[in-house]
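Structure incoming, see below.
Chain naming follows the written order as A, B, C, D and E, and within any one chain the residues start at number 1.
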Amino acid sequence: MMTFNKIHFLLFMALILCLAPILAHGADFITDQNFAGDNEIVVSFSAPLDKATAEVTGNYTVFEEPDPDIRLKLESATLADDGKSVSLLFAEPLNMIRTHIVSISGLPGQEKTTFKVSKSYLGYLFSILISALLINNFVFTKYLGLCVFFGTSKRKSTAKGMGVVFTLVMVAASLMSWFFYQFILVPYNLNFLQILVFIGLVSLTVQAVDTVLRKVNPILFNSFGVYLVLVIANCVIIAVPLILANNNYNVFETLMLSLGAGGGFLLALYLMSSVSERMELANIPPTFKGLPIAFIVAGQFAMAFLGFSGLQIF
Amino acid sequence: MPVCRRSTPIEVQNIESMLTFPKGGTHPPELKEQTAGLSIEVMPVPDELELILGQHIGAPCTPTVARKEEIAEGALIGEVKRGLGVPLHSPVAGKIKAIGTSAHPMRVTAPSLTIGVDHEAAPVQYMEQDWQSSDGSELLQKVNDAGIIGVGGAGFPTHVKLSPPAGSPVDILLLNGAECEPYITSDHRQMLEHAAEIVGGAGIILKILGIKECYIGIESNKPDAIKMMTAAAGKASSGDCSIKIETLQVKYPQGSEKQLIQAITGRKVPAMALPSSVGVVVQNVSTAKAIYDGVVYGKPLYEKVVTIAGKGISKPANLLLKVGTRIKDIVDYLGGLEPGLSKIIMGGPMMGFAVSSLDIPITKTTSAILFLSEDEIDTSPHSQCIRCGWCLEACPMGLEPKEIGIYVEANRAEDTEPFGVFDCFECGSCAYVCPAKRPLVQFVRLAKMKAKRP
Amino acid sequence: MANDKSSMQLVVNGILSENPIFRLALSMCPAVGISTTVMNGVMLGIAVLFVQVFSSVTISIFKNLIHPRIRIPTYTLTIATWVTVIDLVLAALLPDAYAKMGIFVKLIVAFAIITMRLEMFACKESVKDSFWDGLGMGLGFMVGMVVIGFVRELLGSGAVLGYDVLGFKPLLFFILPCAGFFVVGLMMAFFNWIELYYKRSKG
Amino acid sequence: MIKQQVSEDQATAPVKLWKVSVSPHIKSGESVEKIMWTVVACLMPPLILSVFIFGIQTLFITAVSVVSCVAVEAVSQKALGRRVTIKDGSAVLTGLLLAFVIPPGVSPLLPILAAVFAIYIGKHLLGGIGYNFFNPALLGRAFLLASFPVAMTSAWLLPVESFGIFSYLGTSIDAVSTATPLAVMKEQGMAAFTEAFGSGAGLYSSFFLGWRPGCIGETSGLLLLLGGAYLLYRKYITYHIPGSILGTIALLTWVFGGETYFGGDPLLALVTGGAILGAFFMATDYVTSPTTRISQVVYGICIGALTVLIRLKGGYPEGICYAILLMNPLSTVLDSWFKPKRFAPPQGGAE
Amino acid sequence: MKDIITIIIRLTVSCMLAATVIGVTFIFTSNAKKHNEHAKEQQVMLELLGYKGDVAVPDSISMHEIYRYIISGQDSQSIGYLVPTGHGENNGFFFVNIDLNGKLIGSKRVDISEENSRDAEIRDIAMAEAAGSGFVVDFADQTIVVTDSGSRIAYLLGGKFQGFKTFINVMLAVDPEFEMVGLEILEHEEDPGLGAEIEQDYFKNQFKGKPFEVLKTIDVVKKPIPAEYLDALNSRVSEEDILKLRSQYRDQDIYALTGATISSKAVSNGVKNIVKKFAYRVTILDNVLKEQQLAVSF
C-alpha cells in the first residue's frame, strides 16, 4: 500500500525535476550569474574572456531594476584564473531582494549584452519548500493544525497515514484553490468570497478523493479513509490557500508551498508519534498525562526548531 | 527485516586462531583460581540422600520401588512411564526411607525419594565391557539405560539428542568444554583427570551418530586442559574419526550451544530450532565422560563432579558427589560457612539459581554450588533505564533487553515480542553489564509469561 | 438533554466544565499561536463568539429545513458565511487588531468546536437554548484565550492590556511563539489538577 | 548450624532462608553514578582552564548552574514522589554542561532559570532520567537563547592576559564584550577574522589550547579531546558518534565552507566553536542518543550536516547545539530503523 | 432522484443566502475599509512628521503624491513621473518623462482625479496612455511631498530592503535639505529581543536630525550607546536636552543594537540608499519642472 503512494510521489517529483530546466532560463553566452557576497556579483561565461576588456569597470553598467537612472558604483571587476568568470565588486552593499540589471559592452560578437541578476528562481521555489517544511514548519512555528496534530500523533502508523493523505489532499486542494483564486476570484473582484470558496474546494477535494479511492483502491481506502474526514477539520488545509492568496503566489510557488506544508505536517506528526510511543512508557505525573505533556513536548520541539530560524539556503 | 542466514556448507574458519562468536558477550571476572588447582575429591557418602524424581527436562520418573525397600547401588529406582526421559538409579546401597517431596532449587518443592544409606554395603565393581562390537542403536540403548542426561545445564535426555530427526543429517559433533561461567572448574578438572574417558565418550557418540568429525571447544584460560585433551585426542583419532581441539576465546557465554556452534563451525542455529537442524550435535565434556562410563562400564549416571566455591565457604573444593547429596552435608564436610555469606547459588553466578535453603539436594545437572559473600555479589538497587545501549552490545542474540525492561516496567509486557524476548536464553549478559543494575533477566521472564509467541 | 438547564447554566457550562480550550482541547491553534496579549485574546474571542452564536442560531432556526444528508456541508457553509462577515467587519473597522491576528480570523472556519456544537446542540435544541449555548462556548473560548494571554503578556512583556504594570520585562521567553505550547500545557495540567483535587475532596 | 544471615522480610519465617534473586548474581562494576562522575571528572580540566581564560566568574557561574540543577532535581523528585537520586551525578553533569555552553560574561541568574526549565520541564515531567527526549543541558541553553538573546549572543569575553583572573569582576560586560571567532567569520567574513585572530599555525594552536572567545567550556579543544579520549578508553562512549560528527563537520566545511568549493578550512571548523564539546560530551548523552552502531553513525552524520548547515546558512554562528537538539528526538526513530542484527531468524520465518 | 433534487435546491438556496449575506457585508464594509486604510497611512505619515498624539495637524499642511514609473521602449528606458497639479477644483496630474541622464523627453497633462489616482489599476491605465503606444510602464515607487502653506516642509519616502531574516519595510521623512525627520519601521520579521529592537524608539530616533552629509556615508558602530544619549533617544529628558544631545551626536554613526549588528546595518544602509537615490532624483525633477515651468501643487 505504501509503495503505491511512494511511486506516485516519486513520479510527481520526477515531473517537477523535468520542469526545472524550463524554469531556469539563461542567455547563451552567459552561463550563470548570481550574487556572491554582500557586494559582489559573479558572472560566468561559456568561453574565456580577454583580460584586457573584462577587467575594465567602464564596460559594465549595473542598476537595480526599478532604478535605471541610478547606476551602481563598481569598485573592480576581476577575471578568474580560467578566464570564464568575472567577479564584480561594488562599493556599496547590494539590495539583494531587488533584481539587478547588468549590461556588459565589449564582449566578443555582441556590442552589448544585458541580463538580469536576481536570486535564482529555482532557489526561491526551493526556499519556499524548505521554509514551509522546516523553518516555518506549520505545526512547530506557525501553530496550525494542532487539533489533528495532537489527535493523530499517538501511533507511528496513524501519523504516517494521516501525513501522506494530508499532503496529497493539500496539493490537490491548493492547486485548485489557486486556479479559482487566479482566474475567478481576482478577475471578477470576488475576493471577499475567499473563505467560502476555499473551504468548499477543500471539502470537494476530500469528497472526490474519498469517492475515487473507494472505487479504485478499496484496500487503500480502508487504511486511509478514516483520515480523510479529519483533513477537513484541519486548519492547515485552509491556511495554505489563504496564504497563497495573500502572497499572490504563482502555480509553482503554490505547489511548493503545499508540498512543504504537507511534508512539514508529516514530519511533525512522525516526530511527535515516535516520541509519543515512548511517552506512553514513561512515568508521567497524573495531572500531566495526555494532552498537557504532549503540549510540553511539542513546545520542546518548537524550541529545537528555533535552530532553523534565519536559515537561508539560497 | 534484513536477515543474514548462513547455513551449510560450512565455512571452516582458521583452526589455528582462537575462535569465538562474533556478536555480543561479556567478560565477567573468571574467578576460577580458587578451585582450578584442586583435584577432584571424593566426598564420603552422607547418611541420607534425597533424589528428586524429575532430574531433567521432560517427564519426571515414577518410582519403581516401595517404601522401606532395600536397594543396591546402581539399582533402578525410577522410570519414565510416559514422555521424554531417562531412568533413575540409586547412587548407594540402602533403604528407601520415604517417597515424598523435597525442596527444589527451581520449583519450590518436587517429588523425591529419600534413601537411608547403608554404609556397610560393599561398593559395586563395574567391569569394562566390549562396546566396539555393538552397533549404534545398541549403544544408544545403553546410553538411555544409564540414565544419562546433558549434565552441563539444561539436562536434556542424551539419547534423544543423539537420535536426530531424519530430516536433518548431522555431520559434526561438538564437545563443549568452554565452561564460561565464573568460578566453575568441574569440567576443567574432568578434562584434566579424565581426558581419555572424554575422548572415548566422543568416539562412542561418533559411532552412534555414524559420523567422523568431532571438535572439542575449550576456552583458552584452561591451557593445561587443552594440552591434556590434545594429547588424548591425538591418540584416539584415526582414519575412522577425527577429534580436534579448538581453542576458544574467553568470553561469556561461549558455552551456550548456539554460540559454540557459531564459534566453531560458523553455522547459525535458527531461532526455535535444534542444533541438529544445522547438522551439529553438542554434548558437554562431562556428558561424554558419563557416556563412556555408562557404555564401557555399564555404570549409570549417579555421581557428579561439583565445584564448591565462593568466599562464603570455608574450604572450596571440586567434589565427586552422589546425586541426591544435600547442600547441608557438603557444607558440613567442607568445614562450614564463613561469616558474610549472602547467597547460595546452584550453578554458575550468571545463570544459576539462588537457593533459599540448605536442604536442597544436588541433581545430575548441578555443576557448582557457590557460596557468595556480600562483596562478591551486587545488591545495589536498580534505577531507571538510561538507554546506554550496553545491553544491546552484550546480547549474543541481538535482542533489545532495554526495551523489554522498559515495556515490562510500564505493564506492557505483552508488547515485547518484537524485541526478541522469545529468542532469549537468559544468559544474563545484559543484566551483568547494565550500569543501572536493572534485573533484565527477571523482566525477560515476566515478558515471556505474558507475551504471545508469534 | 439540556431542556431542564437554565440559560445561565448553559453559559457557565461553556466557560467552565466544557471550556473549549482547557477541557475539550479543541481549537488549540490560536490558543498557542496568537495568545501573546490579552487584547488578541479578546479580539479573537469576540470573533469566535460572534461566529458561534450566529451559526448556532442560524442552524437552530433552519434545523427543520436542513436535509440530513447535507448536514455537514450546510454547517460549513453557515460557518464560512459568518466567518467572512466578521472577517470583513474586523478588517474594515479595526485594521490594527485585525493585522495582529493574521489569518487566524479566517481560520475560525476550520474550528472543530463550532461544527461540534452545531452538530451536538444547535440542530436539536430551541433557538433560545442554542443562543445561550453558543454564547457560553464563545465566552469559554474567550476566557481561555484571555487567561493564556494574561499570563503570557504579564510574564513576557510585564504588561496587561498593553499597559505596563510591572515596569520591567520578566522573561522574553513567554512572548515567544514556542512558549504558547508550554503555557497551554501547564494550564491544562493546572485544570486537571483542580479537577483531581475537587474529586478527591469530594470523596 | 552456622552463622546464618536472614533476609529481613523473612525473619519471621520458621525456617531460616537465604536470599533469593534472579540470575545473574554478579554484576559488572560499572554503575550510572560511576559513569556520570567520570564524565564530570573529565570536564574538570576544561573548567579549571576556563578560569584562566575568562576569569574567576566562570567558576561562579558554573557553581550556580550545578547547585541549581541539583536543587531543582531534588525538589522535583520530592514533589513528584520519586526517589531522590541527586547522588547519581546526572544533575551535576547537566549543570556542568549547561554552564559550559553559555557565554562567560552572563549574569549568574541565567543558569538558575535554565536549570528549572531543563531539569523540571525537560526531564522530570517526562518521567525522569531515561525518559527525556532532549538533552536537558541543551534544552536549558535553547531556553536561555530564546529568553535572553542579547546576553546569550554578546556576552563573550576576550581571554585574560597574564593570569588576571579577577580582571572581569565588577566590569560592565557591555564594555568588554567581543565576538566569537565563528560570529566574526559569519558576519564579517574571513578577512576580518584573520585581522582579529591572526592566521597560520599560531592561530590553530592557540585556538586548540583554548585561548579564544567562546562559551565557558567549549574553548579548549585539547583538554576536551583528552577527556573524550579517557571516556573512549573507559569504553563509556564509542568513537561512532564523535567520529562521525567531527568527520562530517570537517568534510562539509572543506567542501562548502570556503569561497569556492573545496576551499574551506576543516581544521579551523573543528577548533573554533563547540564542535569538540558537542561531539564528545553532548551528542553522546546516553538517554538522547541512539544505541545501535549504525544509527549512531547516521545520527552523527546528521548532526554534523545540520551543524554545518546552521553555521554556513542559518541564523546562528554556531549550530552544534541546535543540531544535537534537532536530532535528539530522532534517536528513537533511528533505533527503530536500524535494529540490532538478530542472531538468526526462525527457520522459514519472516523473510 | 427526488432526494437529489431537493438536496440541490436546498444547497443552492443556502449558497445564495450565504452569498447575499456576504455580499451585503462586503458592500457595507469595503468603503469603510478603504477609508480606514488611507487614514492609517495618513496617520503614520503625520506621526513621522511629528504630529503625534494630541498635536493637532494644522490645516495648512497638505500632502502631494508623486508616482514614479519606469517606461521601457524597444531598447530605451526612461523615468516617468506623475506629478499632481493641485487639489480640489483644478486637480489632475502632469506626466513628466525624463531620460536616464536627467534630460526631459516630454510632458503632458493627465486627467485623473486624486481619488482615482490612488487606485493602482486606474492609474496604470492612465499612465500607459500618457506614455504612448510601444512603451511598457511599470510602477516603481511613490513619494509624498508635504507642504505647509505651499512651501515644502518634508518628503515622505518608502522603501524595502533585505534584513537579517526577511525584508524590512520602512517609511522615512526627510526635510527639503534631506535631513532626517523621522523613521518608521512598517514591516519586519527580525528575531524578537534581537533584530526586532529596530522598532524601538531608541534605535529609530538615532536617525533623527542626521543631515544629508552624514546620511550619505552613515554606518554602524559596535559600541554601547552612551547613557545620556540613550535617555535622550528614549525621550526621558526635556525637549531642549534632546535637541542638544541630538546635535551633539549629529555626526556620529548609528550605534548598533547589541547582538543584532546585521539588522542595524541593514536599516542604516537601507535608509542611506533611499535618501541618496531620492536626493538625486528630486533634484533632477525639480530642475525639469522649473525649466518647463509646470505649475505643480508643491
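Heads up, the rule we're going with is that a residue touches a chain if its C-beta (ideal position, glycine included) is under 8 Å from a C-beta of that chain, and two chains touch if they have at least 3 such contacts.
Since the model is a prediction, treat every value here as computed from it, not as a measurement.
Peer 1: By that same contact rule, can you tell me which chains touch chain B and chain C alike?
Peer 2: Of all the chains present, those in contact with both chain B and chain C are A, D.
Peer 1: Show which chains lie in contact with chain A and also with chain D.
Peer 2: B, C, E
Peer 1: Starting at chain B, figure out the least number of steps needed to reach chain E through touching chains.
Peer 2: Between chain B and chain E, the shortest chain-hopping route counts 2.
Peer 1: Using each chain's Cα centroid, which is most distant from the centroid of chain B?
Peer 2: E
Peer 1: Please indicate which chain is farthest from chain D, where distance is taken between mean Cα coordinates of the chains.
Peer 2: Chain centre farthest from chain D's centre: E.
Peer 1: Of the chains shown, whose Cα centre falls closest to the middle of all protein Cα atoms?
Peer 2: D
Peer 1: Have a look at B-D versus D-E and report the one with more C-beta pairs in contact.
Peer 2: Of D-E and B-D, it is B-D that has more C-beta pairs in contact.
Peer 1: Take the average of all CA coordinates in chain C, do the same for chain E, and state the distance between these two points in whole angstrom.
Peer 2: Between these chains, centre-to-centre, one finds 38 Å.
Peer 1: Roughly how far is chain C from chain D, going centre to centre by Cα mean, in whole Å?
Peer 2: Averaging C-alpha atoms per chain gives centres 42 Å apart.
Peer 1: Would you mind pulling out the distance in Å between where the CA atoms of chain A average out and where those of chain E do?
Peer 2: Between these chains, centre-to-centre, one finds 30 Å.
Peer 1: Report, in whole Å, the distance between the mean C-alpha point of chain A and the mean C-alpha point of chain C.
Peer 2: Roughly 32 Å, centre to centre.
Peer 1: Touching two or more other chains, which residues of chain C qualify?
Peer 2: 73, 77, 80-81, 84, 88, 172, 176, 178, 182
Peer 1: Do you know which chain E residues sit against two or more other chains?
Peer 2: Only 18, 22, 25-26, 30, 164-165, 191-193 qualify.
Peer 1: Could you list which residues of chain B touch at least two other chains?
Peer 2: Not one residue in chain B touches at least two other chains.
Peer 1: Kindly provide every pair of chains that touch.
Peer 2: Applying the touch criterion to every chain pair yields A-B, A-C, A-D, A-E, B-D, C-D, C-E, D-E.
Peer 1: Spell out the residues on chain C that touch chain A in their complex, using ranges where they run on.
Peer 2: Residues in contact with chain A: 25-30, 32-33, 73, 76-77, 80-81, 83-84, 87-88, 103, 106-107, 109-112, 115, 177-182, 184-186, 188-190, 192-193, 196.
Peer 1: List the residues on chain A that touch chain C in their complex, please.
Peer 2: Residue list for chain A touching chain C: 140-147, 150, 192-196, 199-200, 203, 232-235, 237-239, 242-243, 246, 285-289, 291-296, 298-299, 302-303, 305-306.
Peer 1: Given the complex with chain D, which residues does chain E contribute to the contact?
Peer 2: Touch residues, chain E against chain D: 164-165, 191-194, 224, 258-259, 261-262.
Peer 1: In their complex, what parts of chain C are in touch with chain D?
Peer 2: 171-173, 176, 178, 182
Peer 1: For the complex, give me every residue of chain C touching chain E.
Peer 2: 65-67, 69-70, 73-74, 77-78, 80-81, 84-85, 88-89, 91-93, 95-96, 172, 175-176
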